[in-house]
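We call the chains A, B, C, D and E, going by the order they appear; numbering starts again at 1 in every chain.
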Amino acid sequence: MADPTTNRPLHPARPTLSRFRRMRPITGKSGQFGFAFWLPLGWLLLITFCAIFAPWIGIQDPDSLDFINLQSEPNDAHLLGTDHLGRDVLARVIYGARVSLVVGFCAPVVGMLLGLPIGMIAGYFGGRIDGLIVGSIDTFLAVPGLVLLLLFSLIFGGSLLVVTVSLGLLFIPIFARISRAATLSFNSSEFVLAARTIGAGDFNILVRELLPNVVLPVLAFGLVAVASAIVVEGALSFLGLSVPAPHPSWGGMIAGGREHLEESPHISIFPAIVMFLTVLSFNLVGDTLRSRFADVREAAI
Amino acid sequence: HAGSHSAARDGGTLTVGVETDARGFDAVKGGVLGVSAGTVSLAVHDTLLKYNENTKQFEPNLATSWVAAEDNKSWTIKLRTDVKFHDGTAFTAKDVADHFSRILDPANKSRSRSFITAITGVEALDDHTVRFNLAHPWLPLLGNLAAPSMIGLIPSSANVAADKQNREPIGTGPYVFKNWAGGDRITITKNPNYWKKGAAHVDEIVFRILPDTQARFASLRSGEIDLIWTDRGGSIQDAQKDPKLVTVVRDGKGAVITFINASKPPLDDARVRQAMAHAWNQTAILKVTWKDTRPFAEHPLGTESTCDAGYRHYDPAKAKALLADYGKPVKINMIHTTTPRGREFGEIYQQLLKQVGIELELIPVDQNTLVKKVFTNDYMISGWRIADADDVGPQTFALSYSKSSYNLSRLKSPEMDKAAFAMRTAADPATRKKYHCDLMRMVNDQGNMQYRGGNRYYAFHGTNTHNISIDGLGVVRVSGAWKDQ
Amino acid sequence: MADPLLELTNVSTHFHSPAGRVRAVDGVSFSLKAGQTLGLVGESGSGKSVLARTIMGLLPSYAEIPEGSAISFDGHNLLTLDRKARRAISGPGIGMIFQDPMTSLNPVMKIGQQVYEGMRHHFGTSKRAGRERAIELLTEVGIPQPDVRVDQFPHQLSGGMRQRVAIAIALACEPKLLIADEPTTALDVTVQAGILDLLQREQRDRGMTMILITHDLGVVAGRCDNVAVMYAGGIVETGTTLSLFARTRMRYTQALLDSIPRLDRPPHERLQSIGGRPPNLIDPPAGCRFAPRCAHRNAHCDTDIPPITADEQDPSHRFACWNPRDPDAEASDKATGDAA
Amino acid sequence: MRYVLKRVRRLVVVIFAVTLFTFLLVNVLPGDVAYDIAGQDASEEEVQAIRADLGLDRPVMIRYVEWLGDFVQGDWGRSFRTDESVAEAIWSRFPVSLELMLVAQVFALILAVPFGIFAAYRAGRTVDRTIATAGFMSLSVPSFMAAIILILVVSLNLGWLPTSEYEPLSAGLWANLRAFILPALAIALSEWVVLMRVLRADLIGVLQQDYISLARAKGLPVWHVILRHALKPASFSMITILGLQIGTLVGGSIIIESIFALPGVGRLLINAIYARDFIVVQGVVVFIAFAYVLVNFIVDLLYAVLDPRIRTERSDG
Amino acid sequence: MSDILLDVRDLVVEFPTRKGLVQAVSGVTFQLNRGETLALVGESGCGKSTTARAVMQLPRPTSGSIVLDGDDLVAAGKRDLRRLRRKFQMIFQNPIASLNPRKRISDVIEKPLKIAGELDAAKRRTAVMELLETVGLDPAVAMDKRPHEFSGGQCQRISIARALILEPDLLICDEPVSALDVSIQAQILNLLEDMKQRYDLTMLFISHDLAVVRNVADRVAVMYLGRFCEVGRSEELFDSPAHPYTRALLSAIPVPDPTVKPKPIEMIQGDLPSPISPPSGCRFRTRCPLATDRCTSEVPEMRGLPDGRAVACHHPLIGT
């Protein structure tokens, strides 16, 4: 029986690779970013603008109650109506965007800052260290994410910081995996070997040679991670475990409006639509950028 | 509904949607019986007495007669002789004595003990006679013997001894416990040998655990289940409007309250508490949170009780005046649960206090932590409740008496202690009530407890279901139900 | 055998890419008589594989074959046939072998099945008969223990063995024309010779017509009747092997031959190198595509595309060059080299 | 065989680490099951008595070692609150979660495979982009939102399916399955996209392989080439993801189980967390971790069955 | 100053793999004289690259000694090794992959200087520019570009510049032209030859293409399954191979001349055996037309032939 170890492509860079694979066109998407990119990007900019400048763009106080106008339908005074405490839904949606965006951006950053070095170290050094890290990641992954979030938020209380950090922790395995895979794929490449032959140390190779290459696929995943961070935050606040009252958050608003789904669907539906559009936009923008800048397979995720 | 008994039809299955799973049915092990477990238990067990809501009188059930001694410090009760437990053993005075002795034994740490500490002992005089000895004249005894909670329900002492009562309860009731699929459903079946012939009609009652109110309500409307109860204002309003549904209502005693911790500055100043009482708009929260499906509470003695408790009504001007008198800015915090209702309560309270110039910070915690914080005096303001009871006196006593470990608002005053003691040992209902009312007036004046609404219970069922009633504590009596078809 | 089996007339293949239109094959014409072997040589990227895939009908969807191209095979114009008729030709009409034996076999399918699948599809051969035939074919291509190998998976075979299997697959439907796209590039020299011998034998025994694509002039020299040299998408010189090597006319072909290190040359001999690099096929040079790298170019070369010209001595030897080499004049110095 | 042993060893290590991890985590939870047992009307002394009774006043590590000892012997403890055996509680709820996951994954596959194939075959074309956009839209509806919308539309407005009518299998297959349709759909709505995209990406890669060209060069029709030649080698990542999802979702569909009132492991867990019934939390988390690791293990073995490269390599070695 | 720059003795490199220990190089001994080019040829997987990398100490060999200019590399500590590295450099097979795609050419080439401790940025810059000029690239154009903007041949020039900037004594080339087109290959081979003259390089040149080897090498070592079969001066080895494997290799090479018909001499059969369980005795015996029982039982030692060659064969093709 033939030995598989000898069955490798022999002179791999000689025309072994068919052009048909090497020159895969960026499946149809032409060189320009289409409106499937600009439209969502516009939405994101709008949301971000509103969230940042919420106190100054003339929207109402999101917390003040109005016992007269409970659950009023959208009207001139309240463009998106009021909720069951008579609060302006539009104002709450906009202030809720602050939570979603902060968590959405910061959690992946936390995950990346921790996951990237972990993954790179595992991929670079291999052996015991790799085994240990992969094992820890496995352990971490074996505990359902929502359970961890629940436990964290119960232990440390619900606050923006806790939610962001604990969600960020959940992203560690994902980022670690991506950067580990990327590191592995570059690790055996000849430019790393070349760096070794000139006597570069491990740290130098990790930071100077590997990092610039690893960071791109990792960043490319970043925007998609933002989308999922927003979704998970939504789920958390749906369970009432995210930011404390009275701060509005989309998931919390959806959960709060559930009881009034039949008489006043607008209480849930508007935040749901805004959240949907925002998540969709991040997904679309993220995907466009990812397919443009890196070829990471979803399988790694 | 009572009138339609003649048309009662036997057979069929009654499906009941309940909000929470039971924890267990053992009076000692299971802790509090929630409404779910209470409802199941009430169908599986019998009480000694029964309270008639219409006549306001106690009626015989497992007991045939009851007489007090001259000094009112003991009661002798005669029991039925024809009653058998579901396992076939005969019901005797020993079962009753064992049950109460077990609750009273401090080693068992029953949480129900605190309600009946006035009982010093229970003895079986013969097979069917039992005597309750009391420390002092104690009016609430009969109410406790009729309580549809674990205190009043008599289990098989053999089953208790075998340590199976918690998960497979055995009683003398019209229904026999059949199966408990954790998290999903509890099934009980008709007791063919029930001592009161014709009391039970449907063959089987299934309690389905459906935690989501919306879902439970939708299932009721689609006819998937026959009966639900809820305390959600929106659903109650919808149900009352729905011609295909029948509403069963009963007012209860007790109340949903707010503790103002009198041991934490600046809440140790009565003026601050009083200002908060005037800033508190109970009408508004009843409207917003409960959609006016609960009664306005001035005290926890129940809507039927005529007691002028000197309630401090919503009056922001007065509140501001009191604060001005106090003179310092008030910044306080409050713990609340992470449930939508808990958040909402916090959000409303925050806004109401803001109107009179008090800054309130909200700290979300889960239910369990909230309880712990309140017990360990690690809070300033927290929601709480005075549980329903035929007589809430024992609770108001414990909440107000200075040496009670249950004085959770930590307000200690000799006058209140005096009123509490007088209430506790009163030998006749009128005196007891007078002292009770006095006590509640003092509480209202101090502002250490504020009301968020009284208790009113609702159950709903389709028009083809009959003979459902709500007992004390909101426990639903399903054992007499029958269905058309 | 008057009619050619395969005839290409002005065949072009263009790819639409984000950067523009890639003229991978541009105006290729040649014809091939039944039973002959054509060697198609050229540098990497000169369009050999694309040409092969164009004939095979295996182009991706973003490829375009401009109007005016025609490929006639056995009386059919392959470019105008409907899909079903076209498929009927793939297999029994034309078979193909790919460059990399590691990737040209389905890793999760048994070898036997891959061999007889085509027969089943085209001739309705039964499974059992197909298997028998597969064993025969494997024996024929020189695989030891064929009855064991039929039930194995590709990874259990070495590279050389796999290429033999690929040949067996191509032979299964008895094609009239076999296109072998660099069948030995990925193999070791020791294995390469065996594979080439096998192909040559099969071709002779079956009277098959064959196109052997390679970048190695040494490979075609010994084994092909005709040779066509490709550069930047077009055929720049074609003729019988003997004539092409003996009387090389095109400057590019000669430069290529000169740049190859040879065993019969002394060590450390300075090699003739071709400067520059192959042109960009999106925007190729206006005149002769080799002009920018050619040592013998003149003004003509940069501006006008050289016409196809026939060699005076051998009309079947054709080339496209404004300033062709005169083989007779340079023969003397070449002779000294050969003598060494 | 050595490989299997190695995997089993790793499985055990991970499980062990999970037990320690959760034990520590659960034990730093604020709040106390004792208060929950005692109820709101109990006094502090009573609560302390209950604590002592449950052994909660002893150091965490001692309790852990004890728990582990019992656990290894198959005694997962009894709920502090309901006195239910933890193992029994989990096993009685597990089939519900498992069924939910399986139905959800079947839905996800039904959507993912044809769309994935279609998108890959027409990569870059309008069909592909339409599918991709639809996928993103589907992916952008969080499952809790999907659940609410499904309830609103399918149950409340159309009245087609129940919102919460879990019936055990003994009540009949359809009665049982009915209850899973909406929750499974709510889960599948985001899961299928992941599967579809993985399949699409791999399939595009496979379709560019020489062996696909070779199959086409044999004159085989396109559908034959895709289904017989391309699908199998392209589906390995998808199968991995499928396995991972089953693993994570068995305990991870907490919200869906709650919304649809399915008496599954997820709901058991969340109730236990809220009640600080940590012996149950502990048991459930370890169980879920075990399920996760086990499923991965099975997927790995399955891989070997599907992919001859791995299969024979192992039997060789 | 001795004439021998590199002295490799009994080099063994093992890799643990899932299926067992692979001895990729098993007991290789050779010397490299100053200024000479030694070529290593052999089939794929025979251990050429592994030998080269072992000399580079990447990874460090399992056993054996490698002495470079008096310094034992195997025994050298991590620190010393880094200091010694400037004396021996390497270029790789895949020109594009051996350059970091994210770095500019100037950074790529000056990195060795930086690591070697040259602190003056201006000095580094002039060195880089000079060298780019030398390898035939226009420094003004090339400096600030990134690798993907260059063709394979140009990338290989850049790699050569990087390897030469520290002015090493020994240059190891692992198949430097096998990824390049024939038309480019000649440019690189010429360049290497120029560099060798200019920098007094000693080269270890790896290739599977005997024609290329013939062109560049002074001496040739033929490798089979982790061992050397034959080492000798290029002309002699090519003209009259002593080892049957060398002869087989030579006969398999196609000659670009239609008048020379492929020689019908006996081709070696079968495939390279598994390096995990190599054949006993002579490793080539399973494919050797001349194999006898002796070849199965006895490992052939390297023996010197009168003309200075060494061969490891029980039945060499030319008399001893």
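To be clear about the criterion, a contact is a pair of C-beta atoms (placed from the backbone, for glycine too) under 8 Å apart; a residue touches a chain by one contact, two chains touch by 3 or more.
Since the structure is predicted, the reported quantities are computational estimates derived from the model, not experimental observations.
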Counting one step per pair of touching chains, how few steps separate subunit C from subunit E?
-> 1
Tell me, which chains sit next to both subunit B and subunit D?
-> A
When A-B is set beside A-D, which has more C-beta pairs in contact?
-> A-D
If you average the CA atoms of subunit A and of subunit C, how many Å lie between those two points?
-> 49
State, to the nearest whole Å, the distance from the C-alpha centre of subunit C to the C-alpha centre of subunit D.
-> 53
If you average the CA atoms of subunit B and of subunit C, how far apart do the two points sit, in angstrom?
-> 91
At which residue positions does subunit E touch at least two other chains?
-> 19, 44, 208, 271-272
Within subunit A, the set of residues that touch 2 or more other chains is 1-2, 4, 6, 8, 10-11, 14, 18, 20, 25, 28, 154, 239, 258, 261-262
Shared interface positions of subunit D, touching two or more other chains = 30-31, 124-125, 156, 209-210, 213, 313, 316
What residues of subunit C sit close enough to touch subunit D in their complex?
-> 53, 56, 58, 61-62, 87-92, 94-96, 98-100, 103-109, 117-118, 121-122, 152-153, 155-156, 166, 169-170, 173
Flag every residue of subunit D that touches subunit B in the complex, lowest number first.
-> 30-33, 35-47, 49-50, 53, 81-84, 88-89, 92-93, 96, 151, 155-156, 159, 162-166, 168, 258-261, 263-264, 267-268, 271, 274-276
So in the complex, which bits of subunit A are touching subunit D?
-> 1, 4, 18, 20-21, 24-25, 27-29, 36, 135-136, 138-139, 141-148, 150-151, 154-155, 227, 231, 234-235, 238-239, 251, 254, 258, 261-262, 265, 268, 272, 275-277, 279-280, 283-284, 287, 297-299, 301
What residues on subunit E touch subunit A, complex-wise?
-> 17, 19, 22, 44-45, 53, 56, 58, 81-83, 85-86, 89-90, 92-94, 96-103, 111-112, 115-116, 159, 162-163, 166, 175, 178-179, 208, 271-276
Can you name the residues of subunit B that touch subunit D in the complex?
-> 21-24, 26, 29-32, 109, 111, 114-115, 166-167, 181-185, 208-212, 214-216, 218-219, 222, 224, 365-369, 371-372, 375-376, 384-385, 387, 395, 398, 404-406
